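Just passing along the structure, written as structure tokens.
Letters A, B, C and D mark the chains in the order given here, with residues in each chain numbered from 1 onward.
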Amino acid sequence: MSKSDADLGRLLTEVCAANQELSARGLARFTFGNASGIDRASGLVVIKPSGVAYSQLRPDNMVVVDLGGSVLRGDLRPSSDLPTHLELYRAFDHVGGVVHTHSHFATVWAQARRAIPCLGTTHADAFHGEVPVTEHLSDRDIASEYEANTGREIVRCFGGRDARHVAAVLVAGHAPFCWGASVGQAVDTAEMLEEVARMAYHTMALDAAAAPLPTALAEKHFTRKHGPDAYYGQGKST
Amino acid sequence: MSKSDADLGRLLTEVCAANQELSARGLARFTFGNASGIDRASGLVVIKPSGVAYSQLRPDNMVVVDLGGSVLRGDLRPSSDLPTHLELYRAFDHVGGVVHTHSHFATVWAQARRAIPCLGTTHADAFHGEVPVTEHLSDRDIASEYEANTGREIVRCFGGRDARHVAAVLVAGHAPFCWGASVGQAVDTAEMLEEVARMAYHTMALDAAAAPLPTALAEKHFTRKHGPDAYYGQGKST
Amino acid sequence: MSKSDADLGRLLTEVCAANQELSARGLARFTFGNASGIDRASGLVVIKPSGVAYSQLRPDNMVVVDLGGSVLRGDLRPSSDLPTHLELYRAFDHVGGVVHTHSHFATVWAQARRAIPCLGTTHADAFHGEVPVTEHLSDRDIASEYEANTGREIVRCFGGRDARHVAAVLVAGHAPFCWGASVGQAVDTAEMLEEVARMAYHTMALDAAAAPLPTALAEKHFTRKHGPDAYYGQGKST
Amino acid sequence: MSKSDADLGRLLTEVCAANQELSARGLARFTFGNASGIDRASGLVVIKPSGVAYSQLRPDNMVVVDLGGSVLRGDLRPSSDLPTHLELYRAFDHVGGVVHTHSHFATVWAQARRAIPCLGTTHADAFHGEVPVTEHLSDRDIASEYEANTGREIVRCFGGRDARHVAAVLVAGHAPFCWGASVGQAVDTAEMLEEVARMAYHTMALDAAAAPLPTALAEKHFTRKHGPDAYYGQGKST
């Protein structure tokens, strides 16, 4: 088996497991939600087949496509959200995995079309600043290439921000997309986003005028966990 | 065994399983909630016996009635909501199964006598427009043929709408009824309705002025999954 | 073994099981909550020992007292809420079991000092009208015979109402007490109360002006399940 | 094995189990939350290693430090919150264990920067008066010795209050810290705090003007369970 075959085999297994995790962790009910991963060396993307129950997923029924969206392997149609995933892989070159869920509280913020403010250190530990929400697409952008245009709107929404520091977005009226260096990391981010969204929801309900965390405190917590001065966890040297 | 006997046997098993699913999926506590199915060829309706615990249901203690409500088989009384089910079978001839639950958030909207607005794509994927709520019955319609009148009010509430596109209704002050081509589909719809009701509840709590999904986006999601242009899932040809 | 010994043995088993059910059904966390039962023939009351974990309860460590509160059997102290139970047994002679919980949403209504209005048929199926809330005790009634005075205030709060038709009360700032013909029925009522309290909570949050169920509809549902004209369930004759 | 070795072995086991309990009881998701214990005789403190999953904790990978924070045993870095724990051990000499969680509703109150008022007897049974919230640290106190300054602010916040009577605090914008005579007691307090925080949240949502429990009633419940006149539970003499 060649190296590239081995890499693809590993990715099929990882993406299958990530999709099953979405269901196991309560982030995707029914067949809502899908996960994909990319092998940057070959440019191959592996994604969940559309409308198949999580319990029936196996590495060998994942769909393999290229970055243009052509199906290279598999008898099943890829997730209908594939074009959104592809836009993210093209725009954010550090991203190795993408996850879409309808997790409850993140979806509630998306439905209310509100960015999730950074209200506490739980948020600041995971996301650098608010989790943004997109604008609604125009009727024209819905009529043609809806899913690709959703991806383009996400990219536009990030503008100059580093998508590694806030690895999640709320699509207006729809639900979140998350990403990471690997598809497993993207699943972890989706789970963290749900908890942060739930905490922010209840905080706003308790006090509609709750203020965002002071900047110095938010920076402290983010840099304690991320970047060159991080001192949380066991680091490289232990 | 004749074909009609085999069909009835299958329906008894399906309806029994659907009732047990209501309990297993957390949609009906205590003995709240009941499911029925119809064999359109014979006109036989199978329904849960009244007040029997879900754990004690077996295919052979389901109650078989005709469309007029006469018990044809079984020693137990049928669910007291039977006349409501029968009205729905008579009015909506595409319906193969009916489910009644007191699932939490759907019941909350029914108690508040508010239709569930379409606030996001999760809703639009499942229901075409808002999930309607009935008017209260008059005292006279409560005093006599209460359950049948409840069914008639549901039918009236749908007016010209296609009951296949919104396969659920909230009965004012009471709780939801759902339906589908089969009783299993009606159970799935009841579960989806509960999730949609819970999302809409929290969205309104976060922003009491949350706007319904733009029409073009709602249409896109409904038609992506339903009707001749659907491209979600694996379709017929794969 | 005499009949009265057999009756007591049965009651010890029932009361032990009822206390364990409070924990198993999520109605009492930690050591909050206690259940008791009475044998009306002998006047013996069996109750949970104070502060003992539910997992360590056995029929033979239940405490047996008389209606005056004297311990007749058992090495352990009875629940500190015993005098409240005894007041209820003395005042409501149809009651065979009493349950006290700190179940979440019922306690929330007690803390807000609000009766739970009848907002839907789920409530009307179980309780005839609102579930009342007591007044706060005076400082003097707290200082001396606090637990007995709590029971007296519950009885006062019911005034002329039939305590069989609303088998539950909220003690202001504290939590609910429930009762029934048997201790098992009292546990079922406590579970139903929690669900009704949770539904009413979310209904009021969705619409603070939500109206109580029309009287005719509430009466219909209560009498459908209770009293001589009940037609829900399998009745006596099936 | 010397007595001090045996004591340390016992503490390693207790602290490991307490950390695992934080996860098992749903008080700490991901790697949020940490527990420590102190052996007052030797001055040794045992704490969770930083960023290690709860499922991988064993008594022998706990970290042992002195009250100055120097690591005496273990290959792993201690929790980054260690300096906060040490400040509490130095200021509150009756404390044998400290627990930090991001439990949901306690964190919500911390994010809203509101003390939890005593709204019912569930609260009064466990805490004597409101659970206080700290002030935000200054930018300077965040920039240098952030975690130690967090501990100092907690101590300052308690002023003259007896930290045994309210064994918990909310750190503004962050989350709770709890303590107790042992680390196991601190875990129990953290669980109780979460329930009390959740009840208070829903009570305020139901009635934003909900009044604190009358003083006489709060005192009654606290002294029923704590101090020389306690009569709840089985006491010493049974």
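Definition applied: a contact is a pair of C-beta atoms (placed from the backbone, for glycine too) under 8 Å apart; a residue touches a chain by one contact, two chains touch by 3 or more.
All values derive from a computational prediction rather than experimental measurement.
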Can you give me the shortest step count from chain A to chain C, moving only between touching chains?
2
Interface check for copies chain A and chain B. Shared numbers divided by all numbers used: above half gives same, below half gives different; which is it?
different
Angle of the C-alpha superposing rotation, chain C to chain D, to the nearest 5 degrees
90
Averaging C-alpha coordinates per chain, one finds the centres of chain A and chain D separated by a number of Å equal to 34
At which residue positions does chain B touch at least two other chains?
205
Chain-level touch network, classified as line, ring, star, complete or other:
ring
Sort out for me which residues of chain C touch chain D in the complex.
29-32, 49-52, 75-77, 80, 102, 104-105, 107-114, 136-137, 139, 142-143, 146, 173-175, 201, 204-205
Could you please specify the touching residues of chain B with respect to chain A in the complex?
119-122, 125, 188, 191-192, 195, 198-200, 202-203, 205-207, 210-211, 213-214, 216-217, 220, 224, 231-235, 238
